[in-house]
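Chains: A, B and C, in written order; residue numbering restarts at 1 for each.
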């Protein structure tokens, strides 16, 4: 039950972020809905392609896309309010990211993936939607840039799940992984943590 | 038989549109051929990945890629003429889009996809090639922008197929879905229909 | 044994090229590692998705990603040296490309792909990582532009493999295909061979 709530929460927040980017880019209502849906369910669809789940769950069953569409509609109608609530949205996004990373790892293990694959696929589930969003909006993926920690918490969550699943019950891995990933993400935002870039003098100017 | 003709027509028109974008971007002959082929068969390849058809039909069997290559060659050799015949090309493209949307939905149903999935996969078959084209050419996907109706007719065609397939014979769904999608697309072009964007003041300037 | 060496060599050189682009774009250490890994193993992952290998080999087994990560770390630490050794890097890259094209074709045949599919999938294995790199870094894929021959040698290698495999032993196809693709690529670089673009007056200025 909690799992369903977290799943829909994650999809809704991710979809809203896609909708906001689409609005800023001047997309039409279809473009807003499409970018919202692809951001919301994209990570899970990539996960399912890696795991040979066919058709991907979010495509075969209507609830995920419907939640993403509803979130997109709400975000579009309340766009100004949405922008002002940035802090709350980022916190909800952190919870969704943490849950997607660990649940993605869990689904991978259930489909016979190795522990190594579970970590990679969990991380992909969490960050895939955001990467698809930025590629389609013709932006350099935020996740790869120097702004803040996003993929590292996702990797932590997926790794935590894989380690706990090796010796303990699945639900403990899901809870601990989700909580740790969320906390690291929120702490990173709060304290402005970020990773260094490569040698600064090799960065091309006016090119990003 | 008519299905084969429509399939090759759709691939040829889509491939030509990819070739024209590649020429405008200054790609070399390989780049023109590659973008043409990926635009022509890309939607079907994505459909096959969703449906676990392996290797994807257009990759396993030579006719689709060959038709795309031939269309690319013709479009490149007659580029100026091609640009002047814009209206005819757009009409043929509308027929191809309509057929891809409905036949994509039909293939999805044949592979055990739900009705919901058939609609999404049909739409993806019709618009996937164009999205791949624009991402590779580093343009914001035309389909998501405010210009004209493209994905909405595709969704109408796929939905029409799914509804008719529920109660009637497959070929009726294919014909009616293709015709409706094509008509809506042509009418949208003719009368300049388009969907609204989000709040105009939230659109970032000089950013698209 | 030689096959393993060539595989890791190819992944390492491809990953380094991804890391160098990421450094130039100002990505953070995660972004550098991620772009390196995706460039190094991306072609093989796309190949496995086409062939329904699930999860893709590079995701399921740790060595490929580990080699890519190590190469990314070395490239980042020696970035200035790396740039100065451009000629050596390009030669190693040519070998990796040649091997990926032919081994990709061989793996495709082993999984029941047609000869036609083997050529396309071999070429995709060789060029997929570079295309993913450029799309994520928001650059027009180098491979499609007019700079030098890259995909054509890959196609030659994959085709050579497919032709030889039809009548002779697999290892002969692998060796001859890899050598021919590498030689054509190196000769193209050495003598500045490149393919023509489309009609020059149709190329949009300041748009690439």
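One rule holds in what follows: a contact is a pair of C-beta atoms (placed from the backbone, for glycine too) under 8 Å apart; a residue touches a chain by one contact, two chains touch by 3 or more.
Note that the structure is predicted; figures quoted are calculated from it, not measured.
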Overlay chain B and chain C by their C-alpha atoms and let me know the rotation angle in degrees, rounded to the nearest 5. 120
Copies chain B and chain A - interface residue numbers shared by over half, same or different: different
Could you work out how far the Cα centre of chain A sits from that of chain B, in whole Å? 28
Multi-partner residues of chain C (each touching 2 or more other chains): 49, 52, 135, 138
Taking the touch rule as given, give the residues of chain A at its contact with chain B in the complex, in rising order. 19, 22-32, 34-35, 49, 52, 54-56, 59-62, 65, 76, 79-80, 83, 135-138
Chain B-touching residues of chain C, taken from the complex the two chains share: 49-52, 108, 111, 113-114, 116-117, 120-121, 131, 135, 138-141, 143-146, 151-152, 194-199, 202-204, 207-208
